[in-house]
Structures are given as structure tokens and as C-alpha cells.
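Please read the structure below before turning to the comments.
Each chain gets a letter, A, B and C, in the order it is written, and its residues are counted from 1.
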């Protein structure tokens, strides 16, 4: 394995400082690596919480006429599950990965604005705490202690004062505004870092794909979070100052909320997914032992996705009664955005083709991602055909579709990323055997649950119902779907145990355990606080390949 | 394995990160204002009752003049600071603040007139809702800008702004943005929408 | 025959007829029974075939790649470093765009066909108004107001009899979804929508509200009862009559009219003219109570009137705190409203 020597190698392990002092260091840190770890650890925590919420729902739905949960509890559960997964798991994973890896990959010492970085993390955390505080302090229709129960997209006028009394909806609004400020801060920081702090020789064209994807994601966050913030401010004005933005009794428009929300909401799902693409674009080449196939096309496709994604939002509104020409336009646009997405899948396969594939855990997750994201994209194409969407929207088919995207697609790549970069962040490898258990349990459980739920939607089961009668054809499907949860939970438990165990006792990783090619592997594991002793200078998109293969460097071909 | 890396001096220049950061902030605020403008335009003519724009709005020429002039004066202050002319910086920053305050005062007077004479509030009808939220959002950004300008004015008095031309330029960018938003609001609300 | 016995006969006949007709509880979108659902079904065959083909090609290639290019155990050489191929990139950009074009055109045709149809001159037009958590159904031309069950005549290619629905909402957003008849269309306050169905099979089709509308969204069920023209005519005639004045329920009627039931409910021909809750004039002609929450049986009716919150918690009919006598009388009265 190639390691790059560095100056000032420590000769002996110094005594660890006392715990309160160490905790204080984490509390006040502005180091991008620590903040990145904090983001990801917090995201994993919220993931476990939201997973428990989902498990509770699946217990309620396993049998018809379920009485495990009363309706108001169930309605809060799906609201909190969706809101948590999107804003408190997906977004911080983006922020954590970007903050940890971007400076390392571009050969910088930290982010452009380290204090803004810390500010962003704490805003995110406080936003999350605020959301869950509603369980204690929120008031709702059924009395005190109610979390919001309006669904994660909170359609008007259900969210207006008249139909959502008390403060539970306000917790939804305010917590997202607060954590949204954190997300925007991260995004601005990532853009400034990428534009202004690349090491010498790293033109935009030579940046790793991971960095390109984070740049596009951040640009999207900057532009599409405001429609949500604006809509939420308007909703607050309605609820507290008697405004009429979405007050249909005063001539306001409920559909306007949907337009504003989905103007944010659709690009948001790309914001969530693109970091997953970023991880896949780094892992797949390394474990195929080949450069990414079609780098320029991948960059072009990413930019195309970023732009097109802002033009498809109303495919969430096909059933709202828009004019035929609008429905046709958004159907066409939605299918069109599938083209660059498909190009990416083809290029990943093209990377693997002709390679020498190593199926360590990170690669296993990425291969499963490819199969699953392919299916997810295709069910998306089905629903892009507006009339088909008239049947499938708001049913368990779309629930299955977006879980395929976000669990089968995003989470699988994020888990792959955890196995891939954990050694860099901690200096120790995660256990491969446990990793494979995690992988296979998750694959099995994921498919048992979500393959099945497609059929529930096809048989007419709408979403967000806390129970259903027997005889609709849904009982068997729901029972099977609920059983899948057991496997998924077991898989995630393997991961958590693996992390806890390997942080102290994992095998030592060294600088570059995977024989990879980007700059983060050119320093120690974990990197020193200053990242690199000497800031690097690069000539190609795979600087370590050039160093390890001086007879056949990339810059001769790029 | 010898590292073939070195930090070279000179020709590798990248954009200033402060400028990139503030540009992104302005982009995000631009998106925010766009949505409120869209809501305003969407609801034009849809109020079920109550006063409409044509009846109650008067062209705010004087406040607009003040605000747009303040863009000029903040630019002069910026140049003065970059040329190390402390007195010029302080004077022109002060003028900018005064112009901004006059704009806010005029807005307040207009609102008082609308509320007490026309009984137009945010709850009256859709026009009231969209008008006060849009103009209010803009005014809140003016307040924020004035606060930051006052900070720099105070720092300038102490001499702490010497050499901070780059940073003040970023604040000036923000101020120019706030003015540009006003141009849009003025056009859509007071010219086209009336 | 006096009026009440006429009504009773009609009621018996319609119940007998209804119980002979099949119930279609499973809303399989691939088993369409009306033109809109069928157009969607045909489009779905095309779309799913295309998607399946894409899946088999790409997944097949991926599977082949995984198997063929697995690293051999002791092979540590790097493979040929291929950077890409412009020709391949162009190919797999152009072909998907062509597929998108084809699918868009097919989509456009179906969208226009379904959304473009306007009500013919003497077509049946019904207004459906969504409430939290029940459906108000008004046959404007026929002067009928009912709830939760939409009766329509059966249609056929030979004798088309489409029903055109105007969808409105009294409170929050709802959605009308009976999968075998049509895709869903939302009921949004201040935003009326239109849809149409022409069911080709008699029977009862079950549907759900398909837009989360609050606590009892799960129990806002829908029934579309498709009848032969004759049966439909009989049903219309029965519904048009004022509510039955069964002398055996006189005391019950007095009690009912004296209680605050009338502030929410209408019973035609009486002083009960509330519009907040469902019209009860012919409530015994309906198969369920609480918009599909429970079947309409004597025991269930009693349980509902005693405490609706126990059956459908959170619904907007409060527990009226009736004492035993009031309960008996009110239930007896309601039972007479056939």
C-alpha cells in the first residue's frame, strides 16, 4: 500500500485528556472533520428514532382493524417519521459527508467558514430537538403532548388554525425553519469552499465527482429551500396574524401551498439522493479498479439533474385538477429528468464492466443500490405518466416507490459510505463479517417489505390510513410487509454494534486501506487537525493513481 | 514513495470566499423574495372584499428615491474606505443610514395611513395579506441592513474599519440587493399591480 | 296502500336487489370496470412493458458484469483503465430521449381523452362535497341529497350512461378514489374539480378518501353502487320522497326534533334542516354508518347514536349524552327513515 510520509510523526501516544475536557472540545469545535462526524452520528441517531416510529406503524398495520395504536398516535407517527427522515437524517447526512470529505478531497485545511459550519450543526440539532419537544409540550386536537399530525408535507388548509388547533403544527413549522437555516448555512459553506479553496492544479474539471455532486446539491439547497421557508412563514402568518394565504374561506388557495411546497419538495428528493450518488461515484471505481466511466458525462448529467429537477414539481399534483396541458408538461419533464439519472446508472455499470470487482461491504451496498435505484427510477417513470399516477399517487405504490429511492437507493449508498470512510475518520476498519450480516439482513428485509407494498397500492390501498377493513385484499400484503421490518432492524443493529465495537477494537486501517485515488487517502487515518502537512498539488482527477502509477498517469489521458 | 507535491506560489488564484458566500446568501434571499412576489401577483384581483391596490396605494416616489440613493452613498463609502479615507467612510455610511431610516419612516407612515384611514390590515383581505407580508419582509431586510451598517459606522468611529474594505464591500452587496428587491416590489406592487 | 307501506315495499325490494348484487371490495387498478380506469390500464400496459424491458436490459447487464468481472483471488494487477466512450454516451442518451418522446405522446393522448370529456346535454351530474370524514352527495337535477353512497346507472357501449361528478370540499383537501372506475381526483376547497365514470358492471365498488384529511381519514370510505336503469330509477324515486312518517316512530320523531340533532342533520319534510352532518332522510337505505366505519345494522345504529366517538374517535359528531329513553326513541325514529 502506498503511504505518503509526513513530517513530525508522533513517537508515543500522549495521555488522553480528561473526559469533560474532551467533551468540551467537541462542543466548541469548528474543525470540519469533527463537525462532519457529529452530523453523521446525529443523523444515525435520528435514523434509529424514525425507524422505531416506522416499526410501530407497521405493527399497527400488520392486521386489519388494528387496535395497537389509536388514530391520533398513528397520524403523528407518520408525520414525525417522514419529517425526521427527510430533515433530520437525509439533510444532515449530506452536510456531514460534505463537511468531512470536501476539504480533504480538494486539498484544503478546513471549510471556507469554520464557525458557520459549527453554527449550521447546532441549528440542525436544535431544530431536531424542537420537533421532538412537541411530544412533551405541543398541544393538538387531542390535548397536550401531541407531536404534529399533518403529514410531512402538511397540506393546507388542514394546517390552518381551524383544522389544526393548538401548537403541534407550529412545532413542525418552526423546527424545519430552524434546521433549514442550518442546511442553508452548510450549503453556502460547501459552495464557497469548493469555489475558493481548491488546491493548486485542481481545476473544476479535475475535482472528484463527489465534490461536483456536493457542489450541485448545495446550489440546489440554496435555491429550493426558500420556497419552503416562504410557505412556512406564510402559514405562520395565517395561523397567528390572521393572514389568508391558504385560507380558502377568504379566497385563498390550498393549491398554492402545494405548488410552493413541491417547488421545494421535489428538488429536495434530489438533494437527498445526490449525496448518495456522490458516494457511489467514489466507491464503485475504487472497487472496480477502474476510473469512472464517462466522467464528463457524469458531471453533465449531474448539472442537468440539478436544473431539470426544479421543473417537475407538479408531478406530485397530478390529481389536483390542473389543466391537461400542465399535466402533460410535467409528465414530459418528469420523464426527461429520468434521462440524466439513467445515464448515471449506465456509467456506473460501465465503470464496473471490464474491471476487477472486489465485493467488500462498501461495494456490496453500492451494487444493491444499482439494482434498487434502477427499479425506483422505473416506478418513477410509471408514475410520470400522469393518468397512471391518477391511480398510483397517494397509495402504497408511491410509498413503496419513494422508500425504494430513499432506503433502497440513498441509505444503501450511505451505509456503503460509512464502511468506506469509517477507517479514514477513526483509523480503524469496521468488521467485514458484521458488515455482510448488516448488508444481507437489510437487503432481505427491505425487499420483503417494499416489494410487497407496491401491490398493496395496486390493489387500492391509500396511504396515511391508520387501519383498514378486512376483505380489501390488503391483509396478507401488510402482514408480510411488517415481517420485513424485523430483518431491517436486525441489519441496522449489526451496524450500530459494529460501529460501537470497531471504534475501539477495529483493525488498524492505515492511510489508504482500500488502495484508492483521491486526496483524503493521502493523509493519515484519522487526519491531523490541519489535514495535510503540505498542501497538495494535482494534475489529474486521481492524484494518488498518478503517484502510484507514474508510468501510466491519468493526466496523460484526461 | 516521495511525494510529488509542493505548494507553489503565484498563479493559482480562486475567487474570494467571502464574495462567494455572500453571493450565495443573496441568491437564497432572492429565491425567498421571488416566492412572496409570486404570491402577490397570484392573488391580484382575487380578494373577496375590501380595499384594492388601486384605491389605496400611492406611488412611493420619495422613499424609493431615498433607498436608491442610499445605494449610491454606500458605494461612495465603500470606495472611501478602500482608499483609507476614514472621514469620508464615516460620513457617507452615516448618510446611507439616514436615507435608510427615512425609507423606513415613510413605510411606517404609509402603513399607518393604510391601517387607520383605509382599515387595511393583514387580515382584511388577500391584498392586505400579500401586501403587508411582502413589504414587511423587505422592510425587515432593510432593518437588518441598517443594523449592520450602524455596527460598521460605530466601528468606523473607533478606527476599527481601517483596512476592512473587502468586508464592507460584502455588506454593500447586501445593501444593493435590498435595493434591487425594492425596485421589483415598487414595479410589481405600485406600478403594474395598481 | 298508505304511503308508509309503499315506502316499506320499495325499501324491501331495493335491499333484496342490493344483496343480490356483488360487492367489489378489492380495488384492483388492473381490473377496470369503467372507461377512465380502462384507458389508464391500457396506458399502464405500454408503460410497464417499456419499463420492464429497460429493467431486464440494465439489470441483465449488471448481473453479467458482476459475475464476469469478479476479481480472481490472487490477481492484483489493475485492469485496463478505460475513461469512457463518446459514442456509447450519445447512444444511451438518445435512446432514452426517444423512449421519453413515445411515452409522452401516449400519456398526452390519455390525459386529453379523460380530462377533455365534457358532460353531454342530459347526462347525469352529481356534486360530491368532501367533509371531514364523510361524503355529501347531491343530485342537483334530481333534487336528491344523500351521503357516502353514490348510486349511478350502469353504462354500456350500446347504451352509454356516464355520470359526471363535480368535486368540492367544505373543509380540507380530500380525494375521490374508486380504483376500478377511475383514477383519483382531489376535492379541494375553493377549487372545484370534475371527473366522470361510466361503470360497466352492476354492483358495489368500494373506494377510499385518498388525501390525508385528519384524524379519521382512514374511515372516510366510499361506495359507488352501480344499478340497472330500472333499479336506479326506483332508488331515485324513493330518495326524492320526503322522509318517512312512520306512526310507530312518532315519539321518536318528537324527541329527535327536540334535541340538537337538528342543528347538524337534515330530515326532509321536518324541521330538521342542519347541513353540518349527513342528510338522514333515507339513512336506512344506506349500507353503512359513519361513511363505511360500520355496517348499518340495528345494533350498530344504537351503538353509534349512543357514542359515535367510541366507534370513530375524533369524528365531528359528539357524544350527545342521551339517556336510555331518548336513545331508544331516537334509534326507533332513525330506523324508520328508509
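Details
Here is the rule we go by: a contact is a pair of C-beta atoms (placed from the backbone, for glycine too) under 8 Å apart; a residue touches a chain by one contact, two chains touch by 3 or more.
Computed from a predicted structure; not experimentally measured.
Comparing mean CA positions across the assembly, the chain most remote from chain C is B.
When every chain is reduced to the mean of its C-alpha atoms, the one closest to the centre of the whole protein set is A. Spacing of chain A relative to chain B, judged by their CA centroids, is 34 angstrom. Chain B and chain C, compared by their mean Cα positions, are separated by 51 Å. Multi-chain contact residues of chain C (touching two or more other chains): none found.
Residue positions of chain B in touch with at least two other chains are not found.
Residue positions of chain A touching 2 or more other chains: 251-253.
Within the complex formed with chain A, the chain B residues making contact are 1, 3-8, 12, 14-18, 20-21, 24-25, 27-29, 31-32, 34-36, 39, 42-43, 46-48, 122-123, 125-126, 129-130, 133, 137.
Across the complex, chain A meets chain B through its residues 2-5, 112-113, 116, 184, 187-189, 191-193, 195-198, 200-201, 222-227, 229-231, 233-234, 237, 241-245, 250-253, 256, 260, 263, 534-537, 546-547. Interface of chain A with chain C (complex): residues 70-72, 75, 141-142, 149-151, 155-158, 162-163, 248-249, 251-255, 288-291, 293-297, 319-321, 323-324, 327-328, 331-332, 335-336, 338-339, 342-343, 345-347, 349-350, 352-359, 367, 370-371, 374-375, 378-379, 381-382, 384-395, 458-460, 462-469, 471-473, 549, 552, 554, 557-558.
Those residues of chain C whose C-beta lies close enough to touch chain A in the complex are 25-30, 37, 39-40, 43-44, 47-48, 50-51, 54-55, 58-59, 61-62, 65-66, 69-72, 75, 77-85, 88-89, 92-93, 96-97, 100, 103-104, 106-108, 110-112, 114-116, 132, 167, 171-173, 175, 177, 179, 182-186, 188-191, 193-194, 206-218, 221, 292, 313-314.
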